[in-house]
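Each chain gets a letter, A, B, C and D, in the order it is written, and its residues are counted from 1.
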Amino acid sequence: MKDIQNTTDIRGIAIQRVGIKDAKLPFQIRTKVGGYQPVLADIQFTVALPRHLRGTHMSRFMEILNEWGTKPIAEKEMEAILLQAIDHLDADSALLSLGFKYFISKTAPVSGKASLLDVDCKFIGELTKAGNFSFTLEVRVPYTSLCPCSKEISNYGAHNQRGKMSVSIKFSNDRECIFIEDLVKIMEDQASCPVFPLLKRVDEKYVTEAAYDNPKFVEDILRDLVIALRSLDGQVYFRVECENYESIHNHNAYAAHEESSTG
Amino acid sequence: MKDIQNTTDIRGIAIQRVGIKDAKLPFQIRTKVGGYQPVLADIQFTVALPRHLRGTHMSRFMEILNEWGTKPIAEKEMEAILLQAIDHLDADSALLSLGFKYFISKTAPVSGKASLLDVDCKFIGELTKAGNFSFTLEVRVPYTSLCPCSKEISNYGAHNQRGKMSVSIKFSNDRECIFIEDLVKIMEDQASCPVFPLLKRVDEKYVTEAAYDNPKFVEDILRDLVIALRSLDGQVYFRVECENYESIHNHNAYAAHEESSTG
Amino acid sequence: MKDIQNTTDIRGIAIQRVGIKDAKLPFQIRTKVGGYQPVLADIQFTVALPRHLRGTHMSRFMEILNEWGTKPIAEKEMEAILLQAIDHLDADSALLSLGFKYFISKTAPVSGKASLLDVDCKFIGELTKAGNFSFTLEVRVPYTSLCPCSKEISNYGAHNQRGKMSVSIKFSNDRECIFIEDLVKIMEDQASCPVFPLLKRVDEKYVTEAAYDNPKFVEDILRDLVIALRSLDGQVYFRVECENYESIHNHNAYAAHEESSTG
Amino acid sequence: MKDIQNTTDIRGIAIQRVGIKDAKLPFQIRTKVGGYQPVLADIQFTVALPRHLRGTHMSRFMEILNEWGTKPIAEKEMEAILLQAIDHLDADSALLSLGFKYFISKTAPVSGKASLLDVDCKFIGELTKAGNFSFTLEVRVPYTSLCPCSKEISNYGAHNQRGKMSVSIKFSNDRECIFIEDLVKIMEDQASCPVFPLLKRVDEKYVTEAAYDNPKFVEDILRDLVIALRSLDGQVYFRVECENYESIHNHNAYAAHEESSTG
């Protein structure tokens, strides 16, 4: 049976990324406390294609991934998966992105009631044949923001709303990446108040007053987040975004910033 | 060239709805003040297929729609389009759904600044060969809600958030349907406060205090909307939904209700 | 601390559904072979609110759900959860919808390679205080369709595409609902060919020829699905939808049908 | 009334982008033939915020945009809008992104029937206080792809599917950007066959056979697109993506590539 993909291409164009997208598979993600959490991953998995080859072998991406569904995944395992892709597909580099919802245990501030908060995470790994490995962690966390201007100019009350902040972060190669749990904590601390899936009335009083006591513009949250991330030992790059779903508009307030610390 | 669709089907199943979905076309929607507004419509257009026919003729749906892009559309034109479908496709009934964003002119409450608010609308028409025509208007409007419990139990502040309420409404056949502009006004009046695309500081003070002075649960907004809709002369059916994007949670508070008044 | 929700409402409107929406939690779903599959659930959970009460207690929905994350869920457990809602919220009825991706084991038709296919499922349960319980299973399955008209009129080739078919089905109360695995099999059998996450070249030849040998309009797939579902012992209601993402258009071909067999 | 935004910030962080997101407004886009097309725009509009200022003035973004709804927009007008933002918000730079569906007139290949095809476009403009202006056009076009491997190895037929390709392109500052209409034509020419909203049976035969006569992997389409874009006079940067919604899988085949030609 002829292997058309394997024929020679004469157009002379090396393709930077080719592979599969929007594939879904169950995975297990290593947790901070030592176990793992089962997740549903949205997958993008590509390789670089040399100029002389007409096509890659699409089925091999799924073959590689199918082996990894039962082993807890973290930074090191991402590298191992990418190495398989480079080997099995004879590629110069490979990229794997796993997006998933991850549940963080939250404790209501007064009642102490426990609940699980969903945060959106992404593991992005890139590996070259020469062995250069890069790992990016992306985390997107919901929060409460309360508008300082609205509080200042109004006789009572202040508009507030749910927002989402996201961080993409890389660490230098001699450092382990931060745990999702720890990054979420750092991010939540910069909001007017964190959100909780389960709040009793005593908690609702607490978060209402806490947000009112801590008014922040989208710019304030972003700046405080930048300061917090700069202080993380070993980080070499981050990008942050904050978006407030304004309760008084039908559009959002938005801020974004990125930094490379190649010191 | 053989017409496979037109061959006889022996399975004996009359299909209730077959046609096209997720088609996009520009349309013009009649406005209350007399002109029209150009919109981008998301289209679903189907007919009933008799048991003896294997397939409908999919290209005719687009042929019919292409003629209507330049004529302002309202209830009467929906009926005319459906009549064409019944005729050209030899069907017992037809259904057309046009979903579109429609812009409402808003005036900021203190500064008087004008701006355009996008609301999600849908025209749904159904016609039978016997001439029974039914028209449903769906409108989805953003709003501000402020929590009465949070206000009551907190020493200061109150959590508030953007919400969306939607209404589907039908009128008796001897009545014209309500204008989008009028329905939006009725809907916004039931919230803690309407939202505005453009607010200067004097307006922000106003809406902050207005919402604080008018705290409403999702249940309150829904009930007040039910009362307002019941009072509309000639209505025979409505369905309402309210959803608050809670600023203190990562999930929403939701309420729904429907009534047929076949008195 | 005052319980505002618990105050008397004088508007005289009993709300049909109020509760939470777009909540996310991990659950375990009972599988056909006896174990369970961990899933990420998108949750809607509501109760009916009597006319004399101003509001429901939103936090109790999350409290109830939090207890069920570690126990495998099927029809019987849905009823138990709903009973808790009716009890804890003093409601006349309750509704719970759990939407989740569920993985089905697939075997490539020639190479025998195993892979996991994601299908969209929903468990919808409704319970009244009087004990009437209704359970609906919804399953949405991807498939390949190949156009009979295109095959017939063309000298070679035939346009084909991915499609999605969905079934909502209820069984009479003395019957257990069908397993997801069995319903998916019935659904896939009606397509021109099923889809597979992993296909080697021998498999690709097989599915290409299988689809070409089995051309079906969206109407054909729908009718064959209706016939297959009618034959299921104990079913009392079903609704089916088929949608082909036409490879020759930027819109979809669509068919829908529903039946109640209250014989 | 105190202007909190205008107070001094001591954190020392200049924010790269702050403004509004997910705003919706009607706009008019200049067409190739000389008139304009009304569109619904999804807007992101931001400025850089100097380190000494606590916040930007969010209402001014909407004020600026409201003036431009009635004037046909192209590259030059994007620059004028950005200049207003820099002036009114005292910013060092500004960025505006307008995403919209644009309709292209298509003619069926045999019957000659006319119809309107929706393509997703984006205008992205960036301007600095020093006057450096950059304009990026993004266009996303649906197409048909037919798999060369499936054709080669199968006795008859070949799997094919809808795909989407996207191009982001910049031209040197002394050149005008390419028209949407011309870019769409170049893009469609690289597919196995273009898609059409309206095809009669004679056309369906034509496109079925045309795609079968022109089998292309996602890699082939991407490479041919790269070659076509390289030949555009005055281009200095492009990024391309191709994605095939495989009819035999529930995931997509994907390829991406970007080039800067700073010659």
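Assume contacts are C-beta pairs under 8 Å (C-beta built on N, C-alpha and C of every residue); 3 or more make two chains touch, one makes a residue touch a chain.
The model shown is predicted, which means the values in this text are computed figures rather than measured ones.
Engineer: From the centre of chain B, which other chain's Cα mean sits the farthest off?
Structural biologist: For chain B, the chain whose C-alpha mean is farthest off is A.
Engineer: Averaged over CA atoms, how far is the centre of chain B from the centre of chain D? Could you give it in whole Å?
Structural biologist: Between these chains, centre-to-centre, one finds 29 Å.
Engineer: How many angstrom between the C-alpha centroids of chain C and chain B?
Structural biologist: The computed centroid separation for chain B versus chain C comes out at 25 Å.
Engineer: Averaging only over C-alpha atoms, locate the centres of chain C and chain D and give their separation in whole Å.
Structural biologist: Centre-to-centre distance between chain C and chain D: 35 Å.
Engineer: Where in chain C do residues touch two or more other chains at once?
Structural biologist: 1, 3, 23-24, 118, 149, 153, 197, 199, 201, 205, 250-251
Engineer: Pick one for the touching-chains graph, please: line, ring, star, complete, other.
Structural biologist: complete
Engineer: Help me check something: in the complex, which residues belonging to chain B touch chain A?
Structural biologist: The touching residues are 117-118, 142, 144, 146-147, 149-150, 153-162, 193, 195-197, 199, 201, 204-205, 207-209, 211-212, 245-251.
Engineer: Give every residue of chain D touching chain A within the complex, in rising order.
Structural biologist: Counting only chain D, the residues touching chain A are 1-2, 4-5, 9, 11, 13, 15-24, 43-44, 46, 49, 54-56, 58, 148-149, 152-153, 217-220, 222-224, 226-227, 243, 250-258.
Engineer: What part of chain D is in contact with chain B in the complex they form?
Structural biologist: Within the complex, chain D touches chain B at residues 1, 3, 23-26, 37-40, 59, 62-63, 66, 69, 101, 103, 113-116, 118, 197-202, 205.
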